[in-house]
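Per-chain numbering from 1; labels A, B, C, D and E assigned in written order.
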Amino acid sequence: MKLRLMLDFFWLAIFWAAGLLLLVVLFGILGYLFYQGHTSLTQDFFFSSPRGLPLGAEGGIFPAIQGTLFLVVIAVFTAVLPGLATAIYLAEYAGKSKVNTVINLTIQCMAGIPSIVTGLFGYALFVVKMGFGISLLAGGLSLAIMIFPVIVVTARDALQAVNRDYRWVGISLGVSRRYLLSRVILPQAAPSILGGLLLAMGYAAGATAPIMVTAAVIATPSAGNLFEPVMALPYHLYILFSQQISLEKAYGTALVLVLLLLTLNVIALWFKNLKSKGA
Amino acid sequence: MSLKTENLQVWFGNQSILNCINLEFPNKNISAIMGPSGCGKTTLLKTLNRTLELEPGYRYTGRVMLSGKNIYAEKNVATVRRRIGLIFQTPVALPLSIKENVLFGVRYYGERNKAKLEEINEQCLKQAGLWKEVKDRLAQPARELSGGQIQRLSIARVLAVNPEILLLDEPCSNLDPSSTKMIEDLLHALANQLTIILVTHNLFQAKRVAHNTIFMMDGQIIESGETKRLFNHPEKQQTYDFISGLTW
Amino acid sequence: MSLKTENLQVWFGNQSILNCINLEFPNKNISAIMGPSGCGKTTLLKTLNRTLELEPGYRYTGRVMLSGKNIYAEKNVATVRRRIGLIFQTPVALPLSIKENVLFGVRYYGERNKAKLEEINEQCLKQAGLWKEVKDRLAQPARELSGGQIQRLSIARVLAVNPEILLLDEPCSNLDPSSTKMIEDLLHALANQLTIILVTHNLFQAKRVAHNTIFMMDGQIIESGETKRLFNHPEKQQTYDFISGLTW
Amino acid sequence: GCGQSEPAKSEPARQESTAQSIKIGGSSTLAPVIAKCADDFTEEYKTWNKVDPKLPEEPIVIFVSTGGSGFGVKSAIDGTVDIGLVSREVKDTEKGKMPNGKIIKMGSDALTIAVNPKNPVIQVKPDLTNDEVKRIFAGEIKTWQELDAKLPARPVVLAIRDLGGGASQVFDELVMKKTPIAKEALQLPSMGALAGKVAENADAIGYVSFGLVKQNQGKISVLSVDGVTPTTESIASGQYKIARPLLLVTKEQPNERQQLFIDYLLSKKGLKVVEDMGFIPPAK
Amino acid sequence: MLNKKSFHLSTGTFCLVIACCATLLLLSLLVYMTLVSWPVWFSPGPWGFLTGTDWNPLAAPPQLGIGTMILSTLWTALGAVILATPIGLCCAIFLAEYAPSWLAQLLRPVLNVLTGIPSVVYGFLGAAVLVKYFEITFNMASGESLFCASLVLTVMVLPYIVSASESALRAIPLKYRQTSLALGVSKPYFTLRVLIPLARNGLLGALILAFGRASGETMAVLMLAGNTMVLPSSWFSKGEPLSALIALELGTSEVGSLHYQSLFAAGLVLLLFVLSINLFFTWFRRDRRNEVGKP
């Protein structure tokens, strides 16, 4: 019995340690980034272009922030409609049919495509075949392919999470699915869908591999033209570090990237809470 | 409206759930369906208004005749479902206001006239015995109502689309005695206008409200007939066992 | 062993679930607890062996005395739970073999001797009336047993850790009549050695097996006493309503 | 708006946009120089009409990307960039693919055999023969001790550019001469990274561009090869053998704006940046 | 009424068409990559390509063998899963069973954030901190190694393992817990003897998923694995995983050249590998469902 109690205690300690490790890892990462990067977070850093010799050793990351925002916007705009439509089909129309199984399986497989392969495909298709060149559009579309399954999965789950009873009630009253969808189910699922969208945005903002070969360059004065390349935060970070341009700026850029992500996460969480209060 | 089933059989996958059901539900009467858990009561109700079709993997043979027409031959499913209202066991408030809950189906069927809508709302809530309790807060979300109130709201919602037959699946199983009483009174009142079919697991409720009682077991009709007769002089041993509490 | 509750009150969050429960369960007797759904029967059983503590947000006042000692003052919760065995409404087979299911608790309490383990296994399965059916397949996964067999396996598993009191929560609600009969016989046999407390929603079962019956409603004891007396001459109107089927 | 993603519409749109902006990409050695120049150029003139009054008043937009000389040639050929940056000789096969193209020399560079300043080899054996260099990079000399008995028995860490780097091809041609480079060598994605690796790793040896050695004065030390120390003079005179040109290539004749920028690059201001970054401007 | 019905149909059809297009996208991706890489499957042949250990696509007779990279990919990914498994499972158990609810509520967003941190940031931190640390502490000649990449990948796949395992654990009905604990056994005993066996399939599924993720990761391994062409002989040697190879060389390969084609072939290999892991995972999950169906 004594042995048993000791064993119990041993395992308890292991489980607690593992859980706390998670906290330590996250706060370790965030804390370290903040510690190393907070000195760079000046107004100049946010609002000016990279300068110095080599370029980027001084100055800021404004074009990179701009470029990342444009990329994300294009990716989300392209992916959101097909994503939602697919999710609606899966959750509302497909039932347990073969088609549903096939699409679900495909979506899951797409979610697993390595991001570099997305880049490879985007490069071959958008940059080379369609002739967009290394450009905002090519990068945005590659990112769209990447976040499409994320959007489908979160939206599908959000739709399916809406109380099944609502469907039964609606249907037994003889109303159509579309009426039910637009009056009851979509409004209920909206906060979760939006939350998922935000997470997908964060995912797109941080992706490097797909834009490395399709959109990103090390220097550009402005961003916004669809057919011109852009700077982007994650790629800029990669260049700053791997070309040994400036470790300090690299920490600053990483911190900005992570802060952006944290913000998106917090908003997504807020949406979720909104929902749990509403329901 | 008279409702009749002819040789109805239902399967889920390869499992037979309902077996050769031949029933006739008399017009403007209350019929109670009873039987042990899992015997297929809910499935039978769903078959009667074609919500069964939403279950994946169902199969059926036989016919369900509404005023002499097979509802399964009907093209427009929605109309069938509207004509034969079904109220589920767990009361569900749609995430809308009380009033919009009642008008949910009505709006779909194209009623736009405001005054008319108001009228339908008031009349159905009154019929369901809920008007007095909620008339001052029609715009509030319906989920703030109590279980018994939501149950009555569901009934009002179905009444609003003017059904000819009302199917109720254990409408009182989650309710306290006073709410139960209210629903039973409501059923009595409605029996003047509608044919009502009621699934219940409460023997005494069946005794109190039903004109006819049907006893099922394992997907088959064991016995059916006038309530008094069935309870006092059951013809089958299984019926006797059930009403004396041996099977549950 | 005698079990007694003194002014027991239980809340979940701010909702009061049990209200001022004062009960005494006579030694080596079978007591039945009855009452409408949601009245707190299961909660009462859980309170009696401290599995209540697994529920988030519970709060209690009062005492539960086992042989004169408050079980809630005991440091070692596990021992309390071992002494007061609780069998849940849905029979659960742990994902182990039949034999390991029976020995699950025993092994935890440090028994290593093989012969001794075999003996406990056989004896408990016999007591639960399951030995004959499973003796040739003790090593098979327990989930291959039928519902009634798993229910008896649960009883064997609890008996194996040598409880002094046995709490059963609607042990027959999912069983067919013949399994029900078997469990009832088993309870009769066990009443020679143990104090048994049984929650049932089946009036007839209470009549058949219980020495005493307790009737609860809304978290309160309405009436308790000898079974025959309570059924034939209930003192309270609520009790009368319940046993005549008005409340369910 | 992203609706007009039709491939059919994209061609004209792209032509138009390339006409306005200049895309430059390639050698990781040269890219920082050009990026700096482009930045200066844009800062100085802002709009094209200030460069040349004939041009409309449009903002100057120049993109610079990196990826290695291979990327520079390749992208110039397939039109992904307007001006490719190449820090090696352009091969004949490549020239064949851009018959109307122009190749402009921005300056010269050399690959120095560079080590970390902490490495005692600087004192012990500051001069290597070409053959020793070759054996080190071929992986035949695995520890510093094998190079010279007085050195510690620590492994030699080879730092090289990946396949796409101009440097790797120049080095193969001039030093390795078909002997394959050891597979253990760390491939770095850019010259900057290669220099960084040598600067931070005490056991590393790599062929760092002369310009980057000068940019990282004190962090990187250079060994002489066959008795010749790489200096501005020895490289310019051709004494130091492992040298390479820094080139701009275009597929077609550069358009007006591109030519203006190329002129700027070849002007005093442009060449000053080349010099500041440690490279050797082309002989006048 | 009638046009309502037809509109209802068209919503469904519209969504179906879109969904099918999405499905076709994956198919076209596969087909396209196969087409581009077609010649590679003839000249070195599939066997030579997959097992060859020399990669020199620009040499006079080009040497195209990605065996080294495949091995590196497997080493890093497997290593990451091996490291992450015990930690991840313990975390999941902690979250599902032991964490006080406030702590669990804190930890779940933490997992989300960890999942969301871009891989380039992980790679950067790993290269800036871990690599230095290894060089100094273990006096290594250069700190990059497959192990280093695995270590960072561990942190990256940990959240996936934890959340997938946690939901597998939570999917276990409450009744098992109550039944066990009501017998008077302790929580750790219950966890080890009942909970883990019950959730076994779900937990394995989580690991498979994590393995798929780890194999496809690019930026972190690019920055940490060392990028050498040598056949990795141990966890601590350097290597160049497939994803890093593609990221490093795609930009410089001339469109249509053998180099370009073989990079696509490498991408196809990686894609098929990850897809088959995903398919295996699905099959596995379906299998598990069937088992839980029984009481």
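Just so it is clear, a residue touches a chain if its C-beta (ideal position, glycine included) is under 8 Å from a C-beta of that chain, and two chains touch if they have at least 3 such contacts.
These are the chains along with the protein names UniProt gives them: A = Phosphate transport system permease protein PstA; B, C = Phosphate ABC transporter ATP-binding protein, PhoT family; E = Phosphate transport system permease protein.
The structure displayed is predicted, hence computed values, not measured ones.
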{"item": "Both-way neighbours, i.e. chains that touch subunit D and touch subunit A", "value": "E"}
{"item": "Fitted rotation between subunit B and its twin subunit C in degrees, CA, nearest 5", "value": "175"}
{"item": "Two chains sharing the most contacts, counting C-beta pairs only", "value": "A-E"}
{"item": "Centroid-based (C-alpha) most distant chain relative to subunit A", "value": "C"}
{"item": "Centre-of-Cα separation between subunit C and subunit B, whole angstrom", "value": "36"}
{"item": "Averaged-CA centre spacing for the pair subunit E and subunit B, given as whole angstrom", "value": "51"}
{"item": "Rounded Å distance, subunit C centre to subunit D centre (Cα mean)", "value": "82"}
{"item": "Length of the line joining the C-alpha centres of subunit B and subunit D, rounded to whole Å", "value": "81"}
{"item": "Where subunit A touches two or more other chains at once, by residue number", "value": "4, 128, 176, 242"}
{"item": "For subunit E, residues that touch 2 or more chains besides their own", "value": "5, 186, 189, 251, 255"}
{"item": "Contacts with 2+ other chains: residues of subunit B", "value": "78"}
{"item": "Residues on subunit E engaged by subunit D in the complex (per definition of touch)", "value": "56-58, 68, 135, 141-142, 144, 222, 226-231, 238, 240, 248-249, 251-255, 259"}
{"item": "Touch list for subunit B against partner subunit C, complex", "value": "173-174, 177, 202-205, 207, 241, 244-248"}
{"item": "Footprint of subunit E on subunit C - complex, ascending", "value": "49, 51, 54, 56, 78-83, 85-86, 88, 90, 92-96, 104-105, 108-109, 143, 147, 150, 154, 157-158, 161"}
{"item": "Contacting residues of subunit A [partner subunit B, same complex]", "value": "95-96, 163, 165-176, 179, 183-184, 187-188, 278-279"}
{"item": "Residue ranges of subunit E touching subunit A (in the complex, touch as defined)", "value": "4-5, 7-8, 11-12, 14-16, 18-23, 25-26, 29, 32-33, 36, 87, 90-91, 93-95, 97-99, 103, 106-107, 109-114, 116-121, 123-125, 127-129, 155, 158, 162, 186-189, 191-192, 212-213, 215-219, 223, 243, 246-247, 250-251, 255, 263-264, 267, 270-271, 274-275, 277-279, 282"}
